[in-house]
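Look for subunit A in each of the two complexes below; its partner is subunit B in the first and subunit C in the second.
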Partner chain A sequence: MERVDNSNISQASLNMKKSKSTVLWEKFVEKIFFISACMAIISIATITIFIFAKGGPAMLEIGIFNFMFGTTELGGKVYLWQPGADIYHIITMILSSIYITLGAIIIGVPIGILTAVFIAEIAPKWLVKIMKPAVELLAGIPSVVYGFFGLIIIVPMIYEAYGRQLKGGGNSMLAAIIILSIMILPTIINISIAAIKAVPIEYKEGSLAMGATHIQTIFKVMIPAAKSGIFAAVILGIGRAIGETMAVILVAGNSIKFPTSISDSVRPMTAHIALEMSYASPGLHENSLFATGIVLFVFIMLLNIALNFITHKVGE
Partner chain B sequence: MNNMKITVKDLNLYYGDFQALKNINIDIEERKITALIGPSGCGKSTFIKTLNRMNDLIEGVKIDGNVMLDGEDIYKDVDVIKLRKRVGMVFQKPNPFPMSVYDNVAYGPRSHGVKKKSILDEIVEKSLRSAAIWDEAKDRLKKNALGFSGGQQQRLCIARALAVEPEVLLMDEPTSALDPIATGRIEELTEDLKKEYTIVIVTHSMQQAGRISDKTAFFLLGDLIEMGDTKKIFSNPDDKRTEDYITGRFG
Partner chain C sequence: MKKRNLSDNFMKLFIILSSIITLGTMIWILIYVISNGIAHVSWEFLTEFQEGQIEGGIFPYIISTLYIIFITILIATPIGIFSAIYLVEYAKPGKIVRIIRFATESLAGIPSIVFGLFGLIFFVTMLGFRWSMLSGALTLSIMVLPTVVRTTEESLKAVPNIYREGSLGLGASKLRTIRKVILPSALPGILTAVILSIGRIIGETAAVFLTAGTAKALPKSIMDGGRTLSVHMYYLAKEGISMDKAYATATVLILVVIVINFIANKLASRLNKKNS
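Take a look at the complex of A and B:
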């Protein structure tokens, strides 16, 4: 009897201990979560402050409008970017970024959405089993590999297609657009598939039950019902395209001049920052690159705001 | 002898290895309401879906036997698109599309190639009137259909189904998600609709079957146990199992 009592007591005290340590553990884990959550916030805050601290004064010194949209004329020549002479204008980089992103969207979005429809609705199961992992693999390829692919396959093809006339040797806006179109596909496809699959089956049944065909059902009911998700996919695709650097540097040609045709060599903002940062002299030159970063940052912010707006409004 | 709109002969349906319908033989009369009753899982919903081939959407479904619509085998002689235009369906859960009331009703006719605005306007009004929802909908044609109440949505879905001018209207537990008042309105509506349409309705509610149907078919575990005039089924069924079910001894 005594023994039994003893064991009961020790059991009870053990339970007490356990619950005490459990409470401590709980608190500890909560702290860990909190610290982890802070890391992301601290990072974004630090990056933002750093970019604005470095680039902001430079932007004000050059003049915001002058920096973003101006040009300098000297002796009948138009100068855009001459760090030696303290001439800093990024209008061509802004335009190049916008053009290649638009181009990538024009090519990539329809292909991406149609692929998503195919995988979500039309393809037989065995084909889906091949295509979905393939698309996911596409998302996992490092951007430098895309750039390399562009450099050895796309660029020469463009050079040939233009009859070997291009000064840039095929390095061009078109090459960047083609590579970016491919790079944004996984984002657009995967999110669009999720959006299409989230459409209630009742919509599909309702449409088919009236004698609409499968294709009519897809385009008239399912895609409209999935439109907020598809918009989100497009915006994330734009974000990826406008922020892409490595692949673009390798194929775009990187000339600082006004883009006038898709065969022109162009230098978008991301490529500009990456190319000059390695040799920029401290001072206005280096800080003007941070200022370029601010412009890029604001572009991405606007996209995110648009994304939030769309997912909240269109979904209703 | 009344006109038989649909004749089902020796119908068997399998989901993979599971046999969901066993040797079903039914005649469905033109411009009458036929109610399908039975406990959950008895096959009544599966059966109604064979009448416009909605089971085609489910993988692994195998069907043998004949379903004749006006003497044509719908699994052999009739194109599925044309079949579904002739045999419309209203579902358990109201499922208006997330678009305007007008576009919902015009959806079917547009799918079948009607483009002219004046014709569409006419079809929309006529369908909404037939489904007894015109008064509530006429000032909200451009508003999103999802803003309607459940009962209104279901009548809108009936209007949408009527807009393609079907001959048969299948209703799969159309009032199970609705409150008693909305249910009453749909029941009244079916009375009007049977003047023009052949109606087949699946219902969980025996009272509903008793109130609105002319014929009743009782399903149990994939078998059609008994079919006949609703009055007879409810007052003097031939089969003991029908009587047990109707008097509430199971199900």
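Take a look at the complex of A and C:
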């Protein structure tokens, strides 16, 4: 391109020469692009290996079943976590994680899906222009700020609602559930909007032409058609809720005991790791926290595989 | 007909109620925190600092945050952009691409506390970087990688194929086409990726406090430890020493996030205009 030569032959040979080094250079850069693309694989592999290498032996030493589901009874008392006496059981943390995640899903999913319906189908344009950035902002607020808000607003409200009877002062499973349901809203809303928008317009038009109302069309035609996308939204919401750490620590109370009611102080797995890591002594105590990390990691990977399965099904 | 209207209206009521809850919660959080905090955000609060004091200003934590943002972006952006270029411009559909995508998705789903654990054994302990800006940034680089890859991918895909064909048809090589034609028109999208990553870095706590530490100190090099604004916010909330400072720090965080979202939106709308 740069130079125009009069002779066709020399032009051709020039191109040849140029292309040889260019081809080499292009191949080289392509390799760099490829290696960069592989960084995600390398990262996830390294993370998996290191977490398992550190936590795995501890898990085996304690006993996988004993670690995850066991308890220790000594003199009529049940012990769950006594690093001083080498007692490590995380059953209460697993249950707490599951309970608060379920609670957040029960509250957050319907609100999220209905808000998505509102933004995608019902709201006038000017309102969509307000709602969409609002949802994005909700997604961008740091989790500690949610935790702080929960601590100064939600926790005292729960304390008052229970007539100031709670030992934890309102720090409870319920507080964690409320904060998490707010935090998963943006995930649920954004992905549900995309799923609803992806429903072919013919479905909607066909249903409306048959005499169905707009609301009937939404709930009988569009949401069923968008169900795998909405399902993906729920799974991502579960992932966000189960993995949340800082906001939960600030409001959940963090007691190690079997959760029996939503007003109980609870300590989920994430909070457990973050709280104990700051003072854990090297050895079994510290390694048992990595073992807790393994359990969390496996939960998340199972969710990822489920998600991968769903999105692939959609693609087909 | 009447029954149908009734159930329709019922559902409509639920839809509107849900939207009010969503929007209302957001407005509640913003107004409550900012109205309690803005009075305590002063120039002194942003720029003063006494060594080891939690009561003072947040200057060192702003610096720590900037350090970590800068290094993380420096590491994650090129890798993320190259990765997206490979996926969109070079890769043929097949097993390897599927694995790369699955790895990227999985990485996006891993809880930040697990990244923190990994950073702690790998960067802090094994590589001997200790609790430092570098350890924190390296950990966060892995964490924001999926954000950069996916956002860049979207913007590359949005570049019309005619551009590629035109450039290649004129005799430009593939690399030249990418550099001179595709990247420039995908630039707003790439900038969005960077902005979104910055937002995530600022908001992150769990992964940072295990890798960059919690020192109440001004980091003087990338090998020094320090707490970011979010980590500081966590301790203010947890220890409850100074509610004023807690509100003020939360206000600063929220205002920064608002600015970041505003910029990201402006960039996104520019991208849409350009390619439509």
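The definition used in the following text is that the second predicted complex is superposed on the first by the 286 of 316 C-alpha atoms of A that agree within 3 Å, B and C clash if a C-alpha of one lies under 4 Å from a C-alpha of the other, contacts with A are read in each partner's own complex, and residues count from 1 in each chain.
Please note the rule applied: a residue touches a chain if its C-beta (ideal position, glycine included) is under 8 Å from a C-beta of that chain, and two chains touch if they have at least 3 such contacts.
Keep in mind the model is a prediction, meaning the values are calculated, not measured.
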Taking the superposition on A as described, I'd like to know which of subunit B and subunit C A:Q216 touches: first, second, both or neither.
both
Of subunit B and subunit C, the chain that contacts the larger number of subunit A residues
C
Pick one for A:S207: touches subunit B only (first), subunit C only (second), both, or neither.
first
With the two complexes superposed on chain A, say which partner A:I44 touches: subunit B (first), subunit C (second), both, or neither.
second
Look at A:P224 in the shared chain and tell me whether it touches subunit B only, subunit C only, both, or neither; answer first, second, both or neither.
first
Just subunit B (first), just subunit C (second), both, or neither: which does A:Q82 touch?
neither
Once chain A of both complexes is superposed, is A:I300 in touch with subunit B (first), subunit C (second), both, or neither?
second
Considering only touches as defined above, state whether A:P110 meets subunit B (first), subunit C (second), both or neither.
second
Dual-contact residues of subunit A, meaning touching subunit B and subunit C, are 213, 216
Can you list the residues on subunit B that touch subunit A in the complex?
52, 54, 57, 81-85, 88-89, 91, 93, 95-99, 107-108, 110-112, 157, 160-161, 163-164
Subunit C partner, complex, touching residues on subunit A are 1, 22, 25-26, 29-30, 32-34, 36-41, 43-44, 46-47, 50-51, 54, 110-112, 114-115, 117-119, 122-123, 130-131, 133-138, 140-149, 151-153, 182, 185, 189, 213, 215-216, 219, 236, 239, 242-246, 249-250, 270, 273-274, 277-278, 289-290, 293, 296-297, 300-301, 303-304, 307-308
Touching residues (chain side subunit C, partner subunit A) in the complex
4, 7-8, 11-12, 14-19, 21-23, 25-26, 29-30, 32-33, 78-80, 82-83, 85-87, 89-91, 99-100, 102-107, 109-118, 120-122, 142, 145-146, 149, 170-175, 199, 202-206, 209-210, 214, 230, 233-234, 237-238, 243, 246, 250, 253-254, 257-258, 260-261, 264-265
Interfacial residue positions of subunit A with respect to subunit B in the complex
200, 202-213, 216, 220-221, 224-225
